[in-house]
Structure formats: structure tokens, C-alpha cells
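Order of writing sets the chain letters: A, B, C and D. Residues in each chain are counted from 1.
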């Protein structure tokens, strides 16, 4: 599907409506309304993991994945910006190997800003953020080496991860690091679950920055997202009912069921 | 000794590859000086190759060729715009680098509409499965009907796990979300189980490379 | 997952079973992966219907028929795609079909040439008369579209740049209607291009696909619809195929290794859990 | 009215090309000078506008009505140039990445820090790859091409394959350690992984080969159990996760596009 007009109905009913609800919730949230968010255990563990690194006096590792510069990488940097504010406060050493030069460029800005916001710009070491390689396994070899040499105390992996996820997670496990991970690539989640202490799953990734910052704008967005998902869930149920009445050839209803399915069928 | 030298010179790539392979593999024992050396060589080669790719696949075809061969001079503006990135290390004008960064962010964000429509919308109607399936002879296909019911239950419960803001005080939603999480564990276990095959094949290939391509002990 | 115990010294057998040193595990894995290379082990095997179908399809082509093999893979998936290529070529040569090979990948072109040359010697295949290698061809869409209409001009030269027009192997081959079998061995979704551009053009054409194991599930629907006659699924498919053509090749060895590795993992999981259960029973 | 503009931006013959290129450079420098002197309160809005316009291109291209026959609208033909523009801009940051490598490792060598020889190896490998890679592409020297082959196919490709294959080891230690019946979740994870593993290899299939191949009992054969998990449970769960990710991604994109995003980077005074 390259253009909205190829099949306007699902685009309007699902995509545009969701987008409108999200923007509406963001705007109304800015007017300040108490919002409830369920617990995401993996994210609560971030402070614990930083605390441990402080106790042990060993570095904190942050890996923003191996994807290019995109909203996924930006979300990772948002999370790391929060972590960096804590490390700036406690004076932990941080290590952030980066695989994409554009992400590297932005990462340096983001982390520097976090240190500045905490009032400790002098604690920021530009060399702690390093471009290693944009080649998947060259990057993996570099990170694996770094983890073992520096004996990191805690490891945060957020962003786009592919097969190399297990290399990072297992080498981290070998040195006894507390590890928190999350990625949008669901096929890598099992490996993070197996080797990390906390793994955030699926959409929790996009909820992370809102969850840890508790910023009203972002929490509003989260509520809007929930409405979007509710809409889709309702559509699943209605669609299943429609398909069933169509299969049973119920008079009139069956026809209605068929047209409902047709409304959403693309190509 | 001569024979060995001759062999090395006749297939230097295989020898280099074998040494690199063994060097990196020592990581599974533990990080060591040998590994560290090859890790650095690896990153160096990869960086060099990225530079080559940048020149021959981006700068040459998207900048040099259009401007100087086809006369599309306006690409010069893009190049100048890209130079703003380099203000990032300037203390005073550092904000200028936010222009190309913001531009790329906008580019990435703007594609979300098409991305969403292309990736997810076609899957909507594909998930509308009848709970009553007729077999080819017109009777009820029990197995398929149950499968479709399971499909819908899984879909809905897993979706419910991802509701963050709806008060999960309702027992129904909490139970549904809990069940959804268990179902996801089934999916993750299955992904884990199927991936092992491909990874073992890769290791087998490495051993084949060492023992057959290099040492010629097999075949 | 809950916090894993990081460092603690195991005391008795049960605790040791739960905390086997990773170097022991890795050594075991190296052994089970390497051993079958030297001494192939034949494990009980159940041939999948998809493999059987591909074999049957090639069996049904009369002797002297024309087969095209495309080897679109590179070093990264060699372990799976190389034995597939070898098994298919072996079967085609055994059946004494005319074979033309090419690749959309430069490495694949070289690999497939090496394999074919070796097998040609074994089966007495003469280059130019019984088989030909058209070399590396870029741009999938263009090649496939033109292959349907005009094979001699699409592949006017072989991999060394020699003209193919007068080669006996190409005799009578004008367009897609003269081709009996096409097999694509690939690590990508290239089968979609074949189905879209080539397969419909000749209703008698048999199109087989040999994907990596990871790719295989998405191709099943096309086998059900008949657009793909059969699928050789990764190294396992290749091992089954080797059995069908009565040979013990790389896939049989590899599948031995991989099966043993699976068994190793399963045994380790059981051992770990036994240790866990025993210590828990004792603790409570 | 548009015609002079179109003519101005049309490709130019080589005879006048240098004037246009130099003109473009000078004009850009002028713009940068103006930007440098921009009052600070105008900076954020300017960045927001640039971000919005960049996103607007793709959004409009998607939502604008299309010609059904060609599946195109007035912007569709610019998708390819736009992606080139993106690659070119993104590519220009590589220099910053390489500078980071040079800075870190150059310093290691200059100060003879421990392990300086590794840094030297890194830089040597990099330079060698650039030289021989470029000769391979643009030159003719046969020996240099052979050297490139050793560097690329001999070393780089094999190193890729080796790092990739290490996952085989890690998958063993991870499954041994993690698949314990500690909790309900861990148990579910283990049991499905175990079943699927059995279904993957012939030796596992042999376990239930005595079961009939047809009828409902056949669905208990290991390979069918595996197939069922993958096609029913797995497919549905992954689809639900994907929809959640889709909505989340859409939300973040909207926030970034409309400059509604928050966080240190976005809230800093500039």
C-alpha cells in the first residue's frame, strides 16, 4: 500500500483516527490531568541497575542498537538521556558504543545535554560515546570486547537489534552485569529474555520515554496510543463476528458482514 | 617449509581468513590479547570499507555524477546543508547542526504514515477469521474453527497486555493481560527454538571452513 | 526474567548440574559440531513432503530436458545453500538433463561454478555440450523479463564471455517454453520475482525453490497453490535430498552436526532442571 | 510564472556549470552567515519548520489523491531523489564517526597507552582498506585488486561469519541457564522451545514417527505440533505485538514531526 487513496477506508478509520486521538490526548494532557500508567517492571529496574554500578564503581553500558537514524533510535536516545541524567548525578562512568554515524552525532548532543541539565557538564567525557562501526558484526565484536575489558556493571540495550543481540546479552551476563533491554524487533526478544534480567516487550519500548520521564505531554500520547490499540482490538472482534456471520450465510447480516470485511481488505 | 610458503602464497585469502576466524573465536574462552588484536583489525577494515562504500555508492553516484557529469548543480545545496552537521563540535554555533538533524528526523517521521499503512493495515482484514468454518463437503470443520477461535483469543489478550493507561483494576483486563503475557512466552519460546537451526548451520560452516577449505582434512 | 544467580560456588552434584561452566558447554558444542565432518552419522530421518515433491518433479522430466539453476547466495549462507546447490545439480546430472547455471550474486556465481565443475567430472558432463554456466547477472527484473521471451540473447555469453549461440547445450532453446525445470537456490525472497515474471509464462514449467530454513515458512502458501513444485528447506531439506539421490554429502554431515547440537541443548536443559528440582526439593 | 524557476534549476551544460556550482556554494555560505546571526528565539521555530517540512513531503505524498492507472500523484516521482537526498545527508555524518575513531585511537598511539599497537592495527587496516578498495573500484592494478580480495573476502567476510557463528555458543549457554522451571513464564518458554526444537530436527520427528500420518492423531506428531504453534499461536501473538508497535511508532513519529517531543535534547535552550 503506497498511497492512502488505494483504500481510503482503513486509512481513515484506523490510521488517521488514531493519529487524531493521539494529538488530542497530548494537547489535553498539557492542560494537566492526573494520568495513571501501569507498571513496566523493566523500566523500574533502571535506577536499581545504575545504583549497582555506583556501588561497584564499574561503568554503565548503553547500546542504541545497530539501526540507522530513525524514530526508533531517537526513542532509544530519549531513554539513554534519562539514564545519563542519573549517571551525571552519581558520577558513574558511561560507555556508549554507536553503530550509525548519524545516531552517533545526535547521541553526543543528547548525552551532553543531559549532563548539562543535571548541572555537571564537566563530568561529561566525549570519548565515552564512540562510533565503532556501521558493520553489524564488526560492531558486535567491538562491543563484546568492550564489555569484557571494562567489566561493566550494568548494561542497557534499547533500539534496533538483530542477531547480534545475544552476543551482547551473553557477554554481559558473563561479566555479571545487570541488564535491561528492549527492541522493536520481536524476533530478538526471546534472546534478551533468556540472557537479561529485565526485558521490555513490544510497545513497552515506545512507552518507555513517557513512563520514565512522567512528562505530561508524553503520558497524554500514551493514553492516545491506548485508544488506538483499543480501536484495533474492537475491530478484530467485530471483524471476527462479521466473518462468522458471513460464513454462516445469515440473511442480511451475512451480507453486512461481507461488506464490513471488504471495507478493510486491501488488494 | 617451502611447500607451506607456496601454499600460503597460492591462497592467501584462505590463510588470512583462517587466522582471523580462530582469532575471533577465542572470545568464547575469554577476552584476550589475540582477540583484541583481531577485533581492532576487524573494526578498522569495516571502517575502511564504509569509507569506500560512502565514496562509491553515495558521494560518487548522488553527488559527483549528478553535479559534474549531468549538470544537476542544485545538489550542491544538499552538500552545503550537510556541512552544517560539522558545527556540532562548535561551542557557540552548535545549534546549527540541529537543522540537518531535524530535517532527517522529519524525513523519518513523515514516512510513518505510509509505513503504518503498508505494514499493518493489510493485516487487519487477514485477522478477520470466521469462528465457523465449513469444510469442502459443507460440514463444520471443527479443527479449523477451534484454531480460529484460539487465534482471536490470542490476538485480543496480547493486545490487552499493551494497554498502559486503562486502569487495570478491572479483574477481567488484568487476567486477560496476564494470559496475553503467557501466550507471548509461547511465541518467544517458539522463535528461540526455530532460530537454533540457523545458528548451528553457521558454526558448522566455520568448522567446514577450517577443516576443509583451509586444512583440507575433509573431502 | 527474574534475577539470575551471578557468582556462587556450587557445592554438591545437584548444584553442579545447575552451574556447569560455560567453557565445558562450548567444548561439547564444538565436539558435536565438528565430529560429523570427519565421521558422518546417519540419524533416522523423516523426509518432508516438500522435499519429496521437488524430487518427484525433477524425476518426471524426460532425459535431455533443459534445466536452469540459479544460485543467488553468498558466503554468509553457504552452509545451507551450498549443499542445496550440490544436491540439485547432482540429481539433474544423474538424470542426464541439460543444465544451465547462473547467479544474481557474484559470489554465488563462483561457488556454483566450482560445485558444477567438480560434479561434471564425476558424471562425465562436458562443458558446452551438457552444461553451461552463464555467470553473474545483475538486475533481477530485467533478466527474468527477457529470459521469458528470448533465452539466447539474454544469455548470449557464458561466464568467461564466450558466445553461447553455437554451444550444443543450448540447441533448440529459444524461450521459456523450451525450459522444463527451473530451480532457484537463494537466501532471499527472490522466488516472488520468478513467480511474478516467469512461472505463469509456461504452464509445463516446474519451478523449485531452495530457501534457507529461516525463509522457508513464508514460501509454503506458494507450494500449496502449485506455483512452486517443491521446496528444499535449508540444510535439513538438502540432507533429505541427499538421501533421495543416494549420496552422503555436506548436508548429511551438517544435519548430523545440527541434530546433535539440538540434542545437546535439550539434554542440557533437562540436566539443569533436574539439578534445580533436586535442590529445590531438598530446600523445602 | 513557474517556468523561469524550472529553467533556473534545470541541468546546466558543462560550459556554465562551474558558475552555478560556485554560486550555490557562495549563496549557501551567505545563508549560513545569516543563520549564525539569527536571534536565539527564532532558532527553535526554524528547526521545527525544517522538521515539519521534511515530514510534510512524505505525508503529502501518501495522502494526496492518486492517478489510479499509474498509482502516482504529483510528488511520487520525487521519492527517489528524496531518498538520495536522505542517503547523501546521512552519509555525510560518516566523517564524524570516522573522526571519532581517529581521535580515540590516534590518541592511544600518540601517548603509547597500553594496547596502542591495537589502535595502530585498526588505523592501518582502515587505511589499507580505503586504498585498495578504491583501486579495486576505480583502478586497474591487478596486484592491488588481489590485495583487496584478501582484505575483503579473505578477512572481512570471514570475520563477519565468525562473529555471527559465535551466537551458536551463546545460544547453548543461554538456553541451559534460562530454561529452568523457576516460574510459570520460564516454564512456558522452555516447554515451547523444547517442542519446537524437537520438531526442527529429523531425530525429533523420528520420536513420533509411529503415529499415523492422517487423522486427528496425526496432529500429535512433533512436526505438526511445531507447525501448529508457529502458524496459530505464534502468528497471532506476533501480529498483536506488531499492531502495538505500529501505534507506538505512529505516536512517536507524530510527536517528532510536530515538534511535540520532550526530553533533554528537545527542551534545551539554544
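Structure notes:
Operating definition for what follows: contacts are C-beta pairs under 8 Å (C-beta built on N, C-alpha and C of every residue); 3 or more make two chains touch, one makes a residue touch a chain.
These numbers come from a predicted model, not from an experiment.
The minimal number of chain-to-chain contact steps leading from chain B to chain C is 1. The chain with its C-alpha centre at the largest distance from the centre of chain D is C. Two chain pairs, A-B and B-D, are compared here, and B-D has more C-beta pairs in contact (counted per touch definition above).
Here the chain at the heart of the structure, going by C-alpha means, is B. Annotation: 15 Å between the Cα-based centres of chain A and chain B. Note: centroid distance chain A to chain C, computed from Cα atoms, is 36 Å. Measuring from the averaged C-alpha position of chain B to that of chain D gives a distance of 7 Å. Chain C and chain D have Cα centroids lying 28 Å from one another. In chain D, the positions touching at least two other chains are 61-63, 90, 93-98, 101, 153, 157, 159-161, 163-164, 166-169, 171, 173, 175, 177-179, 185, 189-190, 193-194, 197, 200-201, 230, 238, 241-244, 249-250, 252-254, 256.
Of all residues in chain B, those that touch two or more other chains are 24, 27-28, 36, 38-39, 42-43, 45-47, 49-50, 85, 88, 94, 98, 104-105, 108-109, 112-114, 116-117, 127, 152, 155-156, 159, 162, 184, 188-189, 191-192, 194-197, 200, 202-203, 205. Along chain C, residues 1-2, 4, 22, 26, 29, 33, 236, 258, 261-262, 265 each make contact with two or more other chains.
Those residues of chain C whose C-beta lies close enough to touch chain D in the complex are 1-2, 4, 18, 20, 22, 25-26, 29, 33, 43-46, 48, 75-76, 217, 236, 239-240, 255, 258-259, 261-266, 268-269, 272-273, 276-277. Across the complex, chain C meets chain B through its residues 23, 26, 29-30, 33-34, 37-38, 78-80, 212-214, 234-236, 250, 254, 257-258, 261-262, 265. For chain B in complex with chain D, the touching residues are 12-18, 20-21, 24-25, 27-28, 36-52, 54-56, 58-59, 62-63, 67-68, 70-86, 88, 93-96, 98-100, 102-117, 119-120, 123, 127, 143, 147, 150-152, 154-156, 158-159, 162, 180-197, 199-200, 202-203, 205-206, 209.
Listed in rising order, the residues of chain A touching chain D in the complex are 2-6, 15, 18-19, 22-23, 26, 68-69, 71-72, 74-75, 77-78, 81-82, 84-85, 98, 100-102, 104-106, 109-110, 113-114, 116-117, 127, 129-132, 134-138, 140-141, 144, 163-164, 166-167, 169-171, 173, 184, 186, 190-191, 193-195, 201-203, 205-207, 209, 213, 215, 217-218, 221-222, 224-225, 228-229, 232.
If you check the complex, the residues on chain B that touch chain C are 28-29, 194-198, 200-205, 207-208, 211-212, 217-218.
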